[in-house]
Amino acid sequence: MMPVATVRVLFADTDAMGIVYYANYLRWFEAGRVELLRRMGMEYRELIATGIHLPVTEAAVRYLLPARYDDLLEIHAGIGELGRASVSFRYRIVRSDGAVLTEGSTVHAFTDDAGRVVRVPPGFRERTGRRPTAGEEG
Amino acid sequence: MMPVATVRVLFADTDAMGIVYYANYLRWFEAGRVELLRRMGMEYRELIATGIHLPVTEAAVRYLLPARYDDLLEIHAGIGELGRASVSFRYRIVRSDGAVLTEGSTVHAFTDDAGRVVRVPPGFRERTGRRPTAGEEG
Amino acid sequence: MMPVATVRVLFADTDAMGIVYYANYLRWFEAGRVELLRRMGMEYRELIATGIHLPVTEAAVRYLLPARYDDLLEIHAGIGELGRASVSFRYRIVRSDGAVLTEGSTVHAFTDDAGRVVRVPPGFRERTGRRPTAGEEG
Amino acid sequence: MMPVATVRVLFADTDAMGIVYYANYLRWFEAGRVELLRRMGMEYRELIATGIHLPVTEAAVRYLLPARYDDLLEIHAGIGELGRASVSFRYRIVRSDGAVLTEGSTVHAFTDDAGRVVRVPPGFRERTGRRPTAGEEG
């Protein structure tokens, strides 16, 4: 996992408990995922243009410490497992003082424009430097 | 204007000031607009299916009193002006005790699938029972 | 699990992939959780007023089928496990034709106003009709 | 008005029409407002700590061109008018190719912790370099 983006907490992100609303971390996970791919040389926008989509099939978050208004946060993201037709990402939201606030993961299928599951494109596999995970091998 | 929907304020809607975040009223305006059209016999989903879109070109909100967590709110909506190629809606968010919390309006263009401005479809004009406003007459 | 609320999908809920954005299901889970408690005789607002909070410590979602604009959805919610100082909820989002779109769960700690973990209040235990789960017994 | 922040459009920001949802510009206006104040030497967080709040009383947006997924946007913000107990901000969202996508404004009251309207604090007036507008003079 590596830091890929920095965000400042807005009132928009918080709720009446004075902390960031629990759904909004998934938004930062998206920002992390997209920037991670960009650093690996893959624009998600271009992936879509070639007919490859990555719909999310699972998401999980562990809330360790709350983020608060005006906190400066670092989004860390990394590739988890790369299967034959799926990929998982891992995330960590880290406050500017180093405290880890949340950890999470998402699983995504590879699909074509019609929503049919397809194999991981070769270019994706090369750029992430991952082989298929054992359990998902043919 | 008439009441068209009821909503309960969630933590999702609020911010760290303990009140509903100012952008979220526009979400309720959307809910009101869609339900108003439905009551007039127009499903916005079907309008889109026939190639008619109503992109918003202007929005305005006046915040009179804050909505708070768990408040029960009534969304009021009405047609404002119907031009040759545009329509405006008016909204009011009313708390269960009758207090008016916000007032607002949106202006929408009529466009086709390609985003080109088109005239108000005859069916829309009939169902809303409005003639074009004077200033916008041909 | 039982149906506790009905929602209509707005444009506000969707994204440019034409389906509901993955984070927004957590919003509906909140709506389900609050309505479930209300039906059990517990207003979350009143719980807070007595100094009891239920911050989320974990959330998980499985996305089975996408929800789309204007879909009518039923939120199902139920109590999962009731520990000594925590409670989990389970959720299901069901489309009007009966298709299960997402399944999820959240885990919450019981805390006081200062954020210190406290035991499940007796009233909460009675109303949910749950004993502590074996693994969490003292 | 000056550029104060840059944002990349996420799927989170868009809707099923393929463009940024109309309410989400208000979120970027908040980001712009906060960064503008920071550049003027005022942290909104500190303002709150001193018992000064800036609740929004009006918001208006003109949607000129839609923002789309992955667009890189510049948020421009400036002080509009500074009254005796209120301040307005102006905003412009500009795409990386220079196209102005939206223009907007918000009006805010100055209040104390109890929500009572108060005069503009001297420090605020100095840092923004604005005198009260004629119409609002005592």
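Residue numbering begins at 1 within each chain, and the chains themselves are lettered A, B, C and D in the order written.
In this text, a residue touches a chain if its C-beta (ideal position, glycine included) is under 8 Å from a C-beta of that chain, and two chains touch if they have at least 3 such contacts.
From a predicted model like this one, the values you see are computed outputs, not experimental measurements.
Chain centres computed from CA atoms place B at the largest separation from chain A.
For C-D, the matching interface among the pairs A-C, B-D or A-B, defined by over half of the contact pairs being the same residue numbers, is A-B. Between the CA-based centres of chain B and chain D the separation comes to 23 Å, rounded to the whole angstrom.
Centre-to-centre, using mean CA coordinates, chain A is 34 Å away from chain B.
A separation of 29 Å divides the Cα centre of chain A from that of chain D. Each of residues 11-12, 17, 19, 23, 27, 30, 69 in chain A touches at least two other chains. Residues of chain D touching chain B in their complex: 17, 19, 22-24, 26-27, 30, 53, 55-63, 66, 106. Only residues 8, 10-12, 27, 30-31, 34, 43-45, 69-70 of chain B touch chain C when the two sit together in their complex. Those residues of chain D lying in contact with chain C across their complex are 11-12, 14-19, 21, 23, 68-69.
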